[in-house]
Amino acid sequence: MTSPNITSPKPAAPAAKFASRFDRFQVVLLGLSALAVCFALIYGGYLLTVMQMAMIYAIFCVGLNFFMGYTGQASFGQNSFACIGGYGSAILCVQYGWEPALALIGAMVVAGFFALIIGYPTLRLRGHYLAMATFSLGLITYDISIQWTSVTQGYMGYAGIPSLGIGNWTVESERGKLVVLAVLLAFAFWLSLRMRDSRFGRGLRAISGSENGAAALGVRVPRFKLIAFVVAALYASAAGSLYAYTFNFISPEAFGPAMSILTFTMLFVGGVGTIVGPIIGAVVTSLLQEVVRGSGHYQDIAYAVGLLATLIYAPKGLSALGGLFRRKKEEA
Amino acid sequence: MPSIVELTQSLVTGVGIGLIYGLIAIGFSVIYNASGIVNFAQGVFVMLGGMFAHSILTRYGLPIWLSAIIATILVAAVGVLVQIFVINPRWRRNAPLFAIILATLAVQLLIEQIVILTLGDQPRTYPEFTSGGPLKLGPIAIPYQLFWVLGVGAILVFALTQFFNRTPMGRALRACAQNREAAALLGIPVERMLIVAFALSAGLGAIAGILITPTQYTAYLIGTPFGINGFIAAIIGGFGSPVAGLVGGIFLGITQSEAIVFFGAGFRNIISLSLLLIVLMFFPKGLFGGFAKKA
Amino acid sequence: MALLKAKGLTKRFGGLAANNEIDLEVPEGSLFAVIGPNGAGKTTFFNMVSGFLSSSAGSIELDGRDVTHVPQHEIAGMGLVRTFQLVQLFNGMSVAENVEVGCHLATKGGVAASLFRPKWFRKQEVEVRERAMELLDFVGLSAQADIEAELLPYGQQRLLELARALAAKPKLLLLDEPAAGLNTQETESLAHIIQKINAQGTTVLLIEHDVALVTRIAHRIAVLDFGKKIAEGTPEEIKAHPEVIAAYLGVEEIPDA
């Protein structure tokens, strides 16, 4: 790695930029994920639920990737914003009779606002301090969602949430829900690409490369971190709302600290900071969980060992494996 | 408004649990200062301490003091294994911070599941080290176990202070804490020091777990709350000297148990986590100074 | 006219004065160098001037405006751009993207612009790409544009950092030991590039360890030793200055950590 071989310079081709963003391996992985969705649509059954979940988590992770991947900051508390999204949508729809689509946006506004006022003091922290502060944020939200029974109905959970829809058109069938979720994920992904490949996105990625270097070039580091945090929170909130509309029921457990750790894992498995990583990670992890489910505690052991192995042998996640092979080939 | 008796009684409880948090906090600082890593699996050592001590006690009928010593040594060995197999491979590769955090969380999950499979998921406890009690001071009851916690805590803090200041190994650990590269240049085997730090830290966690089990219980899932509270105590104390960790723990313990009196048990975590956020944001070097390093 | 004016600039770390009452005026258009033995306080001075470190006393004026307590991004916005002694590349980004980040100050647009991509934004993106390629051409890295920055050999990383700083269209360019770790040949081409940058109208202030390099290219040199300015003048004056000779001959060379 330290002695790169640049004897055969490639001709510069700015036009090839889009193609160079995805390597072939990543395209294959993305294709396989789409295939998994199609498979679920054809065969139905429990696989539908698994893929619905994967799509929701993927939306969450696409947002998380902005803060953790591109900006290089650790947040273990994004579940807070999913919690706001989920309960916000549920309450707005059930108690105030809002349209689900409108409630989704309303909850996003609330979550974004909270992210702004929480992020402002919190993001001054670094490293472990930031990790722990955000983690405790997630724990506090979780505890509040349990304790504040008059609003959240506590442990019992919140039932009777309508399905997603606009006006008279609602999506009630499981297949329809998966299609809508997949389309929304594609939209969210497309938005993330637009943000990534711009002055804003480059600024974020510069921060993760070197905060000092970015600041020396005039990037307002604290402000950019805060915006990335808010973007991640908006995605998380949308994911939380979609969870509520998809399963028509939410409970504190759905948005507990376990969610943070699970999504963290997904991001790492897929490849933190890569373009397709969040989606690949969410799909692969969701499917793997189902494969080992039923084996009881061995499931969690397999999960933990798998995670540890990923962290050692594929620290940049699955979507970077393509690059790894290629580099090996070049070295040979 | 709660009565004076209630407040005083919860003060006693708070000091007891706070000392335990303090011991865990010292464990956090030992590893953090030697390696720059926060071991989020720290709570697991607390859980293992209680579980091992209970198993040795019930299966082999050994006296409590012997069970405690064996359990502590076993947990320290687990700490060494964690360092060698989980932390070191990443540490050597200069893995990003959150990869290491995630790895320690995975270790926690792994150990918890192994404990369920081998020792079961039922909570368990054993009697206090000294039977009888509690000591009655008017309306205030002080369990004998509290004196054990106080005594062991004081001895450990004294021993650790001596260790860090007087012994070559302790000084080497402190050198690693101040400047790892310089320590390596001076010929201090940094990786071996990390193993020592993990053993020490795991042992401290185990002792905390062994001490607390008689007044509460132990089960596979107690690791997380103890880990988090220990971390909060470490933050309050400022990741500095052993004394600072202990003081941070007592401060947290008292705040928590008084908060229960005022707001109810459901708010215990919300209060202590809010305390953490306040300290992090406004007193990033801890309430009690110490030679905190910037993260 | 002085583009940069430091008056009585002081930085104390504990009881130790890393910089002690330094006065310095960098004339517009000049190629100014600060030299001194290791630990003389050169980087501390740089860090204060560029807003990375707050000063204990004294004042800094940039282009006639007091910037003593102005945050770093704002100083950068006023046209003072710096590089680092330890190269601070943006790993995970390509060589071209690194330079594109450099255009940050010279461009505008945030989240909304990136989402809706109005016409001016698209035009700007094209210009940014073109400018990046131009600058890479200037430092001789255009062949490596699509390679990940961290894969470049060290000498080229230095050049990349330089191109990136230029993308910000600086009025005053601060270079912190740009030749550190370069071989003779690389140093030679770097010196050439620095002179070219200066000739195009950018004021350059550089810290250097390599006295031979500095005396060859700089118009004016200031010498720091133990946090104090001990001399200032033209290269010829400096070479003949007794205190400078003492500082360099009297202090044993300590290798860079």
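Residue numbering begins at 1 within each chain, and the chains themselves are lettered A, B and C in the order written.
FYI, contacts are C-beta pairs under 8 Å (C-beta built on N, C-alpha and C of every residue); 3 or more make two chains touch, one makes a residue touch a chain.
Keep in mind the model is a prediction, meaning the values are calculated, not measured.
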Inset, instruction - Make each chain a node and each touching pair an edge, then name the shape: line, ring, star, complete, other. - result: line
Inset, instruction - Averaging each chain's C-alpha atoms to get its centre, pick out the one most distant from subunit B. - result: C
Legend entry - Closest chain to global C-alpha mean, per-chain Cα centroids: A
Inset, instruction - Give, as an integer number of Å, the spacing between the C-alpha centres of subunit B and subunit A. - result: 33
Inset, instruction - Averaging only over C-alpha atoms, locate the centres of subunit A and subunit C and give their separation in whole Å. - result: 39
Legend entry - Length of the line joining the C-alpha centres of subunit B and subunit C, rounded to whole Å: 47
Inset, instruction - Would you give the residues of subunit C that are in contact with at least 2 other chains, written as numbers and ranges? - result: none
Legend entry - Complex contact set, residues of subunit A against subunit B: 68, 72, 74, 76, 121-122, 124-133, 136-137, 139-140, 143-144, 146-147, 261, 264-265, 268, 297-298, 300-301, 303-305, 307-308, 311-312, 315
Legend entry - Touching residues (chain side subunit B, partner subunit A) in the complex: 32, 38, 86, 89-90, 93, 95-99, 101-103, 105-107, 109-110, 112-114, 116-117, 228, 231-232, 235, 266-267, 269-270, 273-274, 276-277, 280-281, 284, 294-295
Inset, instruction - Note which residues of subunit A are touching subunit C in the complex, please. - result: 4, 6, 9-14, 16-17, 20, 191, 194-195, 197-203, 205-206, 208-210, 212-221, 227, 231, 273
Legend entry - Interface residues, subunit C side, partner subunit A - complex: 50, 52, 72-73, 76-77, 81-84, 88-93, 96-97, 100-105, 107-111, 113-115, 117, 121, 124-125, 128-130, 133, 136, 142-147, 151-153, 161, 164-165, 167-168
